[in-house]
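Take a look at the structures below.
Two complexes follow with chain A in common, the first pairing it with chain B and the second with chain C.
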Partner chain A sequence: MSAVSREQIRTMMAEVLSAQGKEMPTDDSTELEGIGFRSLDFSELALRVEDETGEELNFDAPGLRQIRTVTDVLDFLEQLQGA
Partner chain B sequence: MSDTTNTPIEPASVVVVSGGSRGLGLAIVEDILAQGAKVAAFARTVTPELQALADANPERVLAASVDATDAKAVAAFVKEAETRLGPVDGLVNNAAMGQDSLHIHTSPEQISALIETNLVAPLLLARTVIRRMMAKGKRGRVVMVTSVCAQRGYSGLVAYGATKGGLDSAMRALAREMHGRVLVNSVAPGFFASEMSSVLGQTQLDTITRRTPSGRLVEPENIVPVVNMLLFQDTNLNGQVITVDGGNSI
Partner chain C sequence: MAPAGADNRIITRGFTGTWAELGRQFEDTLPPAAAIAVRDNLEAARAVWAAASGEHELLVASGTRLTPELSEDLRGAGLAIVRQGEVEPPLTERAADPGRVWLLTSGSTGRPKRVAHTLESLTTVGQGQPPRVWLCPYAHGAYAWWQVVTLGISLPGQDILFVEPDELDTWPAAALEAGVSAASGTPTFWRQALYRDPESVAALPLEQVTLGGEPVDQAILTRLTEMFPDARVSWIYASSEAGATIAVHDGLAGFPEEWLGVEKPGRATLFVEDGELLIASPKRGEGIPEVLRTGDRAEVVDGRVLITGRMASDEINVGGAKASASAVRDVLQSHPAVAWASVKGRKAPIVGSMVTAEVVLDGEATEAELVAWCAERLPDYSVPRRLRFLDQIPIKETLKSDV
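On to the complex of A and B.
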């Protein structure tokens, strides 16, 4: 299976937020803390991406701690698929 | 990123049970069914008892012959469970192999096999099940069946005790790591009367019973209600070991 696009990741992230009654911001520079997107939500998003690609996305915790904004999430998952 | 989650986790609705074909595992499978939930049970060999449950409840029971140490086969079984029964939100990590040999007389191969079966396999199963929960946006509950051997030293159970202690440690870290998305606990049975009677004489059994504060040895039916509580009740128990041994270890 091919890589999941940035736009698809954004849609999946919106689904993760929506399941908790939260909204996906339109501005990608939005801080995750402000929208209630937590580290396990990121894990859930990564697993959804995995389901699409069929490839495991494993990463260390320090990388996760650098993620602050929506852009960071999209960048990280895009880069992880290319790694 | 940080985590805060504060609503109670729902009772389990689809539970994977490893080593579910006989003894305690089978009793847990029967109890989950009686509770009204669905159950996916695997073991190296599917016994006629487990097969009968699956035949009588085809919509609610999935049973298969899977070696717990075969990670690929286990992952395929969890996927099949998800397809047949719905998203998995519960796990009872019960499969284990026993030991009855002094450490100095236990072969390196046997020690490796104990670690593979009793520690590596349950860690991989928990990883697989929790990954599926997360991918489906679910929360859930995990119960590790460990042993009083993790807390006290018993002759003839060096590697076995090490694996159960390792699993209790992993349970605590996992409970913290999953931060309210998954409740993770251990149930630590004492020695089952039925197992002890096969290796000990009546005099030894009587002595052990006399030294047990409750005055009786533990049986699988004593463990089942505790597993039930951890799978289905809202107790907010998380990261704990519940020892069920009649107070023998206190």
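On to the complex of A and C.
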């Protein structure tokens, strides 16, 4: 299966937030702490990406860095596919 | 001497008549120590009738359970394998142990083990039962199957309608025709029946409804109690190792906390240690420890001891927090639109594993609604994050969902 686009990841992230009764910010520089996007939510988002691609994400890949903003999440999951 | 239930009727595919009318021809061709791989309940009933003579050593199991590896094990242990009239001799010669009945454990944690019983140790229901026609949907040779069967051959007035695995969708019509008044099945069996054809099930004149073989939750007990207000609704805790040890008839999940530690002649003594149910049972199989660690998780809630699931598979570690799969399952199954649910851990990045669920609906509910339902009742790490909706309730030959 092909990789999930940045826009698709964004939509999935909005779905994860929505299921928690939270809103996806329009500004990607928004800090995750401010919108209540926690590690459980990040894990769920990763599972959604895995379900879409049919492949397990390799979180042991080099380059794991601090994830602070919406942009960081989108960058990270985009880069992780195929890592 | 013929068993007391020799004139009780059995109804099974290909045969309607009494145990005595099954005849003895099968017995005459049977090796003295044999494992019989049966195709259906008629073959199984003939094997039981042979066992009732007390002159054979027997193991009865569905042909599908006796895999080549297991068959080799049994032959090595001195049992001949009888399959569709063909006999494979034992690999070890030894004298038969007349009257011995072997059961196989479920094998959920590896290859099934043999547990030694006799017809007497498998007979757990006492005299003085009202006449009934029992439904027996259990897998051939399973402990619960033997419980219904020994009731049928040992107590007058206890007839049995057997259900084959491929008749699980259609049994209510046959049960109505046969006048079934008592039925025993797993919670999954009952959930599936109520999901598929609640009207036909409700039409049955049931006086006794029994559940066992899996954790029994309040939602299914309540549903059956409401459907059959005049019936006694019971749940039973039983296994081939421990025997039948707990019977609860008050329509509530779990058993009263004050039963713990009570010693009574002929009754099992129950303990909870480190969250595990321990049982000292007079009905246990031979060679089973006097105090058996069941591997089943037990917790005391509001004065009731709830048996919720297997210790080994219940705990889901979500980022260091411990979620209970059975607790999540019970919350999902308490939702009015949920007919059945199964909860598992799934490997997930960052937190290690996450709670996921499969659900069958018999009403209207969205994923978001079910997640919200759980979020109101469970800590956040226990709320299932990925829900999958199935079209039908999965059920195995064991009548269970997970084994």
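Methods note: the second predicted complex is superposed on the first by the 76 of 83 C-alpha atoms of A that agree within 3 Å, B and C clash if a C-alpha of one lies under 4 Å from a C-alpha of the other, contacts with A are read in each partner's own complex, and residues count from 1 in each chain.
Heads up, the rule we're going with is that a contact is a pair of C-beta atoms (placed from the backbone, for glycine too) under 8 Å apart; a residue touches a chain by one contact, two chains touch by 3 or more.
Worth saying up front: this structure is predicted, and the values here are computed from it rather than measured.
Of the two partner chains placed by superposition, chain B and chain C are both touched by A:47. Of the two partner chains, chain B is the only one touched by A:37; chain C is not. By the touch criterion defined above, A:57 reaches chain C but does not reach chain B. By the touch criterion defined above, A:14 lies against neither chain B nor chain C after alignment on the C-alpha atoms of chain A. Taking chain A as the reference chain, the count of touched residues is higher for B when chain B and chain C are set side by side. Shared interface residues of chain A (contacting chain B in one complex, chain C in the other): 19, 39-40, 42-44, 47-48, 51. On the side of chain B, the complex with chain A involves touching residues 1-5, 131, 134-135, 137, 178-179, 181.
On the side of chain A, the complex with chain C involves touching residues 18-19, 39-40, 42-44, 46-48, 51, 56-57, 59.
Chain A meets chain B in the complex at residues 16, 19, 32-33, 37-44, 47-48, 50-51, 64-65, 67-68.
Within the complex formed with chain A, the chain C residues making contact are 318-319, 346-351, 354, 356, 367-368, 371, 380-381, 385-386.
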